[in-house]
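Here's the structure, in structure tokens; my notes come after.
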Amino acid sequence: MLGEGIIKGMVETARNFVGSYSDPERLTTVEYPEDKIPAKENARNFPFLVYDGDDAARGLRCVACQICEKECPPKCIYIVKSKDKKPDYIGKPQFYPAVFDIDVSVCMSCQICVEVCPFEAIKMDTEFELSNPDRFGGLLQDKHRLAKSNEYYHKIHETEAAEVDARLAAEKAKAEAKARADAEAKAAAAAKAATAAATPKPAPNPTTVAPAK
Amino acid sequence: MQAAFAIIAALTLVSAIAAMSLRNLVHCALCLAVAFAGLAAMYLQLDAQFVGFAQVLVYIGAVAILVVFAILLTRSGQPVPHSVVSRSWIAGVAIAVLVFCVLTRVILSSSVSQRSLPAKPSPTVREIGNQLMTWYVLPLQVIGLLLTAATIGAVIIAMNERKSAGGDHRVTADQGHGHGHLAAPTGLNEGNATSIASETGSESPAHYPQPEREREVLAK
Amino acid sequence: MIIGEFFRGLFLMIWRVATDQPEAKADLLAVFPPSARPVISAVLTVSPIIGIFATLFALTTLLERKGLGRIQNRLGPNRVGPFGILQPVADGLKMLTKEDIIPRSADALVHFLAPVVLAVPTILAFAVLPYGRNLVPVDMDAGILFFFAVGASTELAIFMAGWSSRNKYSLLGAMRAIAQMISYEIPLIISSVSVIMIAGSLSPVEIIAQQGRYLAGGFVPHWFVLTPWGLAGFIMFLIASLAESNRSPFDIPEAESELIAGHLTEYSGFKYALFFMAEYFGMFAVSGLAVTLFLGGWHAPFEFLEIVPSYVWFFAKLMGLVCLFIWVRGTVPRLRVDQLLNFAWKFMLPLSLLNLVVAAVWHFTAAWEFPGAGLGRWLLGAVMIGVPYVWLGRALSGSKKITQRTYRFAD
Amino acid sequence: MFMETAIDTPESKYEILPKTLSNGEMDGELLEVAMGPQHPSTHGVFRMDVVLDGEKVVKLKPVFGYLHRNHEKIAENTTYLASMPYTDRLDYLCSMTNNWAYALSVEKLAGLQPPERAEYIRIITGELTRLVNHTCLVGFLLQDMGALGTPLMYAFREREMILDLFESLSGSRMMCNYMRFGGCRVDLPAGWLEQAKRAVDSYSGFLDEFEKLLTENEILVARTQGIGVLPPDLAVNASITGPMLRASGVNYDIRKVDKYGIYDRFEFRVPLGDHGDVYDRYMIRLLEMRESVKILNQALRDIPAGPIVDPKAKLRGFRPKVGEAYGRIEGPKGELGFYLISDGTPNPYRYRVRPPSLINLTVLEDMCLGQDVADVVIILGSVDIVLGEVDR
Amino acid sequence: MVMETLEQIKARIENAISGAKPEIIPNESPSAQRSLLLDPAHAVEVAKFLRDDSQLRLDYCSNVTGVDWLDLIIKEKVKVKKVVEGVEKEVEEPVERKRPGYLEAVYHLYSMALKHGPLIIRLRTENRADKNHVPSLTPVWRGAEFQEREIYDLYGIIFDGHPDLRRILMWEGFADHPMRKDYVEPDDYEYEPTPHDEVLEKTKQHHSPEPKP
């Protein structure tokens, strides 16, 4: 009969009308500035640079290898490599970024810089309130604004950060073990040399002094 | 009262003249509507409520609308390029003056103008209805019949025109499109995978694979 | 003291209005010299109407947005003021402060006049509605006719708006609007003619008076909507008034998905606000007329509730109808213009004419005396209108080859 | 030969209309209206130059390019991987399937094979995307029909649940950038499968509600049945794909034909319409959603554990051998294909998107001729276009 | 259903259409999608054969695209006799041999009726400048209409017999063909200056009153 479908539809809308008062499943609105949906663990919005320890300038993991700059699809990363080297977390001297800028207005939050970084130096932030009245300067973030601590990283991406830390720790342990082995070998060689020097008999064999490397 | 009458009369006259003399047809039609409204106001001033409202309802609500509609459907609504005053305007004025004189003469000489009006003629709607259904029933029926016949005639004329116009349009659309088969969408409505297969498969056994015919009634 | 008298009169007026007493303005008018009284009286009548309906307009826009929001599982406006109550104020301020843009090629005079010509008749229509027992602005003998007469002149305004904008969407919208309003005016008037016929009067006051009785111990009101022809007429009147006030599903003239905003496309600022207001005023007026004609006007639904002031009932019924309009708007898609006209001419018009016959039968069977006569009359009327409804409904949908569809599935 | 009669005389089809009509005035006969690029229901910056006789359409020419950004050129100037996030922005409602189509083509080009778990994840996300797309489409279609947002808001309410799933999986709601050559980027987070099951379960309820709300509605039926009829032979010849093709009754679903991924392991049916009008296109999408729910239920039940990326796949320094490949999937809108030519460098020599939205518009004029303006809007709505993909 | 091999198809085309010389273009990549190069003179005939042949029935033209092959310069060293400082000598001189570039239209054909494919056919223009005509296959497959327009727009191949060959994505009056490999993007288009932008630099040069040396 004519009108049946319309009446069925009206019953449906009435059910939704009532339901929006009683059923939180229906009324899914979150009133934004007051309430926020907690960020999902995998959420990504804008990259930041991770630093270890307390000092952002010293602990920055980035070694200015410029892979992310090359791989960035919209080319929003600008890196200038430093002239000198600073020791990294393992203690190995590395370059560091003299300039590291990311342009918010260009970045498309794709996370490719994070994926290609071999040093776990750049990660995605979940912060999304990046609006700024200054269209040009305010949207260009330099390395001081980009640098965030490892603790912060742990706070926003717990599982991922734990994995990264474990990996870095393993690497570091390996490096340290190696360094220790080197040192020991060196020490042993030195000791041997010393003993050899102490014993007046033969001249030291040069092959034994050579480091194990 | 006199002042009100003067204002209304002036308004009616001015808009009537404007309706004749403006160049833009839509403006003319709108002025005509204003003249109708002035006429209605005059009826109301004479305490003839029913006639006044009927005037508004019929003339502004229907006639004026039909006029503008007709203008829109037939003309561009652009100002006419040539002068609105026709060449034989002298004859027109002469005829108008003549008619005016005759009418004036008739009215002044008729018994209506001599009779003194009753103090307040206030016919109620009920009275009008009663009069229409008793004393004036024959004229009412005759007018009704006439209008019905006119309506039916108009519909028939319009239908014929539409048929031919619609046919033309169809042809142009098809010509413009070059897809002969699109002209008959009803035939193709039934065409499904099977029918193309039969159409195209005449020379080859290959066809669009016929899916299993599982029918589900989903909606009416 | 004259000021004391004035305030006493004012107080008395308010008191009398609030308690449904007649001659509310008498004492206040007595303060003024006789020559000024007609003007003062008119002001005293008109200003509350405009004030009340303007407030109602503001509230309805909010109600509509809130209600639609809830229907759509949203919250609706809730930022301005508590629960968003001040949203209409903010909207109004925004409208008034916006730039008034007139397109360069528009017909400036007609473009300016259109909203005025639209707003005046819609406000005039409020003059003949009885809002309460003794609250009739103008008790006119031909009140209903007056209502339709002023209602008819709004079409011209919409045409003016659409034509003068020199916008193709506006023009299309205006042409649709005229076609639609002319078509639906006929069923609107004819469905109210059945009431006029039964009541034997064109006066709204008289029509309401005839619905003032109660049956079954005061629990069944003698409203026309409770008769078969009244129910059918009421439904048709509602549908036609949806179309007359350009509300969904008949919002074709301003169909935003096709014609941007139809005749309103080129309007902004205050003029747009006037159009908007006139649209809502039109909806109120036509709902008020529906209440008057079919829902017993200001009468209470049960006799013992007559102690509640009458205007409360009137506005309660009015708002009920407005809520229904909103509900419909939140549910249905829009018709196409030819379907809309088909519906008017092939369905509404025959049914409303038939409804006149049903009303006549009802009138002549009033003399039936045998037991169960009342029920018999009712059933007779219901069948007389119900069967053609079903049949016409089939014919209307059948003519479009609307069929039950099945779907094939391939594996 | 039916196709010759249909196609071989196309010259007469494109007669040039006199330009004098364009000054905005009715010429008594024809009215030329530019619908768009700023128009509420062209789904973006799309324009149709429509010539009307009264309200009847006598000519319609789509105009594209307002959103053109030369996506293909950008992709040819950057590495294979860096194009992946750009594919998100093609059809921005269905980033997962866009990723999938691109990854599939590159895998063909480089000979990579995603592991089983990754294939399952792809099917799950792909079908969820189909749900998102079809839900949005029916919502928008009814919005175009003037249903004032109610169906659209219901559709968006459901879509939200799936977008939440995408966010917790890929980090972003719409621009997922999730798939990689030879697998997926990250594994499913804990509890994701359960959440997905809940969302999929509630979807049937939503579809029931939606059908109750509108499918039987007289106005909807009257507005859509017999409108915008697309005959099957024209559909095939004009390369129409996806739900639009199947609504015309042609059984062609690439999931069944190519059996890409692991679609041959799932049981589902392909709904086909018999009339090819707007109503069929609407119903086919609702029915396809029910089939997608079936696939999802099977996939969520069977998904195995394991690695998610082909160990051969290289993230940095990816250089496929010289050659070319065309890979295609059944996207929610139709056949989405990527054609790649490699010259052995890190950047593709040629990168081409086969956009279903654009090609499905080929027959827009054929469907609209003789219909009303109001129908043009819903016919366009039933084609299902996203301008990001049409203009690229 | 499995399609015939490319060699079989080639043989049948040669049988069916006299004068048509399809050529198989190999593809070394793992996809192994080889293609048929058609000569423009017989392309429409061959296309109709492919569409209508009962064993092929390639009724669905899925994808049409253009490819720009630049002039390839093959450098060789040739011994030439030359008079150097009055003495005739044999000198090795680098000679550049030019393989003229061409534009190519690639069609991917499938069969909806028989559910097989793809068959890839290619059409080549004689050169990239003036002889850039190939026959349009839109009369055979209407689905190629917009895609051929797009190729015309972006690559500048002129399709003879196309019913409506206009620009589709770029605007009317745009002069160049932006997908060509040698297209130089204008440096004066509306840009969003970011502090590290190359475009900004170019624009500055372009618009500076005195061009820098």
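Order of writing sets the chain letters: A, B, C, D and E. Residues in each chain are counted from 1.
Basically, contacts are C-beta pairs under 8 Å (C-beta built on N, C-alpha and C of every residue); 3 or more make two chains touch, one makes a residue touch a chain.
The model shown is predicted, which means the values in this text are computed figures rather than measured ones.
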Fewest touch steps from chain A to chain B?
2
When A-D and C-D are ranked by contacting C-beta pairs, first place goes to C-D
Taking each chain's centre as the average of its Cα atoms, which chain lies closest to the overall Cα centroid?
D
Name the chain whose C-alpha centroid is most distant from the C-alpha centroid of chain D.
B
From chain E, the most remote chain by mean C-alpha position
C
Distance between the centres, which are taken as Cα means, of chain E and chain A, whole angstrom:
43
For chain D versus chain E, what separation do you get between their C-alpha means, in angstrom?
27
Report, in whole Å, the distance between the mean C-alpha point of chain A and the mean C-alpha point of chain C.
64
Rounded to a whole Å, what is the gap between the Cα centroids of chain B and chain E?
62
Going by the touch rule set out above, which residues of chain A reach two or more other chains?
2-3, 6, 9, 12-13, 16, 26, 28
Residues within chain D bordering two or more other chains
1, 6, 10-11, 13, 26, 150, 154, 157, 213-221, 226, 234, 236, 249-251, 269-270, 272, 274-275, 283, 287
Per-residue multi-chain contacts in chain C, two or more chains
71-74, 171, 330-332, 397, 402-403, 405-411
Across the complex, what residues on chain B touch chain C?
24, 26-27, 30, 33, 37, 49-50, 53-54, 56-57, 60-62, 64-65, 68-69, 72, 77, 124-126, 192, 209, 211-220
What part of chain C is in contact with chain D in the complex they form?
68, 71-74, 105, 166-169, 171-172, 248-249, 251-252, 255-260, 329-339, 397, 400-403, 405-411
Tell me, which parts of chain D touch chain A in their complex?
78-79, 81-86, 88-89, 150, 154, 157, 160, 164, 167-172, 175, 177, 185-186, 189, 209, 212-221, 315-316
Seen from chain C, its contact residues with chain A in the complex are 67, 70-75, 78, 327-328, 330-332, 389-390, 392-394, 396-397
Going by the contact rule set out above, which residues of chain E touch chain D in the complex?
27-31, 33, 51-52, 59-63, 65, 67, 106, 108, 112, 115, 118, 120, 138-147, 150, 154, 163-164, 167-171, 178-179, 183
